[in-house]
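When the chains are written out, they are named A, B and C in that same order, and each has its own residue count from 1.
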Amino acid sequence: MATATTTVPGGANPSAGSRRFLSRLREGDEIARLITLIFAGVVVLIVVALVYQLWRDSVLPRHKFGWHFFVTGVWDPVFDQFGALPFIYGTVVTSAVGLLIAVPLGLGAAIFLAELAPAKISDTLTFFIDLLAAVPSVIYGLLGVFILVPLLRQYGEPALGKTLGFLPLFQGPPFGVGFLAAGIVLAVMVIPFIISVSREVLLSVPREQREAALSLGATRWESTWKVVVPFARTGIFGSIFLALARALGETMAVTMVIGNTPKISASLFSPGYSIAAVIANEFTEATGDLYLQALVELGLVLFLLTFILNGLARILILLTERRGAGVHA
Amino acid sequence: MNSKRLVCLLALAALAAGVALAQGSMLINGAGATFPYPIYSKWFDEYHKNTGVQINYQSVGSGAGIKQLLSGTVDFGASDKPMSDKQLADSKVKILHFPTVMGAVVPTYNIPGVSTELNFTPEALAGIFLGRITKWNDPAIAGVNKGVSLPGNDIVVVHRADGSGTTFIWTDYLSKVSDDWKTKVGADTSVNWPVGLGGKGNEGVAGQVKQQPNSIGYVELIYALQNNMSFGKVKNAAGVFVKADFAGVSAAAAGAAKTMPDDFRVSITNAPGKTSYPLSSFTWLLIPAQVSDAAKRDALKGFLKWMLVDGQNYAEPLSYARLPKEVVQEELKAISSIQ
Amino acid sequence: MSGEMTIRLRWRKIVSAVMLTLTGVCAVAAVSVLFFILGYLVYHGGRSINWDFFTKLPTPVGESGGGMANAIVGSAKLLLLASLVGVPVGFFGGVYLAEFGGRTAGFVVRYCADLLNGAPSIVIGIFAYALLVLPFKHFSTIAGSFALGIMMIPITLRSTEEFLRTVPGALREGAMALGASKWRTIATVIVPAAYRGILTAVLLALARVAGETAPLLFTAFSNRFWSPGWNQPTASLPVMIFTYAVAPYDDWHRQAWAAGLVLLGLVLVVNVIARGVLARGVSVPRS
């Protein structure tokens, strides 16, 4: 029996001599390894093919416009002028509004769940919040169109206009649809991610930190806000990046409430457009290669943005958890 | 574990059976204009009841319809703007235009407190959509609507966000009546709008106008009727304020019917005649001249014949105008050129 | 001096109490959004759900009545085929990572899975369009399922790997000691021990892609009729919700609510069951 010399349970496969290889082959292990390797390789292949396809199918606008693509504000299919600025602007603004609302609320909720709530309540509430993350985007869009937009148009935006109308942010006629509506919808959609990641990160902060603060006479709040949260700061930033990456890619909910107009405006009441929304709306009707490829280039930009943000997020979260483990040791 | 396996197998079997059952009938895919969508959906439903042929039409806008047809991802397209010479030249296959019905584009509005029909002059419409006329009680509008108390609210303009034949009809008309419009914006399925919100499809524009107070948009007549939305009369070339209906559209097409070109591409906006409705248009099905699948070809030709004869009876109940007799005759002859 | 300190202390305690209450309010607010969404959908959707909704095809534009039978079956077909694409790749890939994987290969595969997970669904739709729609010249259920299947891969892969890793070493060693080869150990001992977790993770992946709309817009397109076979465009619940919600017809709005209720109901039920089952065991990787 060659089994004793072949494989390590659950671990890496040491490189084997040809005799071991043949014995593994006979027993089917090598075949199993190859088959699973092929499937794992498929994952890599899909990613490579995806990036390659995005790159190859955006060659025309990249050559024609180069970097100007990102700073031109005109999107005119009739005259073949394509500039991504209105969509980048809309994506950034709506995500910013979304985060401005979601981060304080999400962090507050995470603090409650990690620091204050008894374990059972914390787990139950987290369970429900995880369910919130499972709600499909189009359902948020449905509620946005029929509930949020009329509310904003009739009450929300006029009220904001009256009280804060001296700011250019809140000027202009209340359409209901626009950057503000999209920002609010995005806030609701990303709060679960901020809460669940921040909660885990806060839970990983070693007890000694809290206890040290409390023993020095800090109140519960002070120990949380001035000691625990700063300790977990990197991880919390990670959760924000994760949420941001999610917000950038949201398509359906945004396109249903943003007004679908490629416009750059200082006012949050103004209708606008986002990268994902314009791709969804115009992809099937983009006549002409330049038009279609301009949309693909937008997709490439979006992919790269989310790729960078997700990568940063994971690094930050990992750093915080390692830090907690390190101190504890 | 055993009962779970049994349930899974049963579910799969049911699904497979369902799929196999649906296998039998023929499915033809088309996409395009939202302008004629109400009558097309009625036609395809009736045709399916009569013959079992399923024609799946997706109303994605004329622009998308043309694009999908040129990419070959649908079997036929539909558009309210005839394809341009360049588009036809770029196409790998020859495309034939078949007019189906004629319809009207109406200026529909939602002004709280105003339920009467408003009159619109060409200058007023151009001014509103250029962003020059910004309030409902502007003299250009109030002047021809004496007796109606218009509020001083800001006008919210709604236009199409997608490539639209309806947009083409609207902008084609505005280009004919306003030099300013012609130079600043022009006429096409997709233009650089000076002001306004975008809606997707006739459905989207109607939806926006319906929900947004003080708004004005342009939609095909039936969308305004089916949704109980107010729409105004438009002053035609002869100086008469005409309300859109199929009689006015037929009047607009009367002249063109006699001089219809062989490829059926023609514009009838701002047509002469006292009773003509100025925002009228034909709408076309775009069929490839060569269809390799014999069954599909026969189904398409069969549908076209049915559409030209029986189908026309469904037009007027949905406020579209029937095709002029001369045009029907020409088209019946043209069907044979689909190989 | 002690007086000042007491005042200051009381102030700090008040601040503490207030802030902590606020955090509680945040948490309750977040959770109540869920119940608000559910309540609204049950109210509006519940009124519009009838037998017709589940059994009839859509009626011509402007005529009321009809249903979404084709969209329900279409979504079911899309999900079935998507699992056939996503689950094997995710599962066997996860087996590789847990049982055979080397350092670098494992890192690369995990990294790619994370990339796919974070990719916006519309971008995956573009990929599927370029690969399966344009060359074959039609929209199809296959193209839509491919896009959805790609989105299922990361969750399935990571869950499989994690659950396989949690199988106790004792089981492995016991099997080895009895002379089983590695693949036999995996197939007959390790996977069966972890299958519950893996299955529930697959269900969660399915629930996630069931609601995806964007990638279907230009792969599966849509269909007013039944979609025969797998090679034709098909209606699906999320796309119908989108189409009906932005239109002006009140009847379509009703149907959109009903469809929203059905979709959300299914997604939530699957999530509750899956997470409940898993709560007894290991936690689910964050999606």
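The rule we apply is simple: a contact is a pair of C-beta atoms (placed from the backbone, for glycine too) under 8 Å apart; a residue touches a chain by one contact, two chains touch by 3 or more.
Remember, predicted model here, so these are calculated numbers, not experimental data.
Shared contact partners of subunit A and subunit B comprise C.
Across the two candidate interfaces, A-C and B-C, the one carrying more C-beta contacts is A-C. Between the Cα centres of subunit A and subunit B there is a gap of 39 Å. Taking each chain's centre as the average of its CA atoms, subunit A and subunit C sit 16 Å apart.
Mean C-alpha positions place subunit B and subunit C at a centre distance of 37 Å. Counting only residues that touch two or more partner chains, subunit C has 246.
For subunit A, residues that reach two or more other chains under the stated contact definition are 284.
Chain contacts: subunit B has residues 31, 199-200 touching two or more partner chains.
Those residues of subunit A lying in contact with subunit B across their complex are 74, 76-78, 149-150, 153, 173, 175-177, 259-261, 271, 281-282, 284-287.
Those residues of subunit B that touch subunit A in the shared complex are 31, 60-61, 63-68, 70, 87, 154, 156, 161-163, 186, 188, 190-193, 196-200, 211-212.
Taken together, the subunit A residues at the contact with subunit C in this complex read 1, 3, 6-7, 9-10, 12-13, 24, 27-29, 31-33, 35-44, 46-47, 49-50, 53-54, 57, 104-106, 108-109, 111-113, 115-117, 125, 127-139, 141-143, 145-147, 188, 191-193, 195-197, 219-222, 224-225, 245, 248-252, 256, 276, 279-280, 283-284, 295-296, 299-300, 302-303, 306-307, 309-310, 314. Residues of subunit B touching subunit C in their complex: 15, 18-19, 22-25, 27, 29, 31, 37-38, 41-42, 44-45, 48, 54, 56-59, 71-74, 199-201, 203-204, 206-207, 210, 222-223, 226-227, 229, 318.
Taken together, the subunit C residues at the contact with subunit B in this complex read 59-63, 73, 76-77, 80, 133-134, 137-139, 221-230, 232-233, 246-249.
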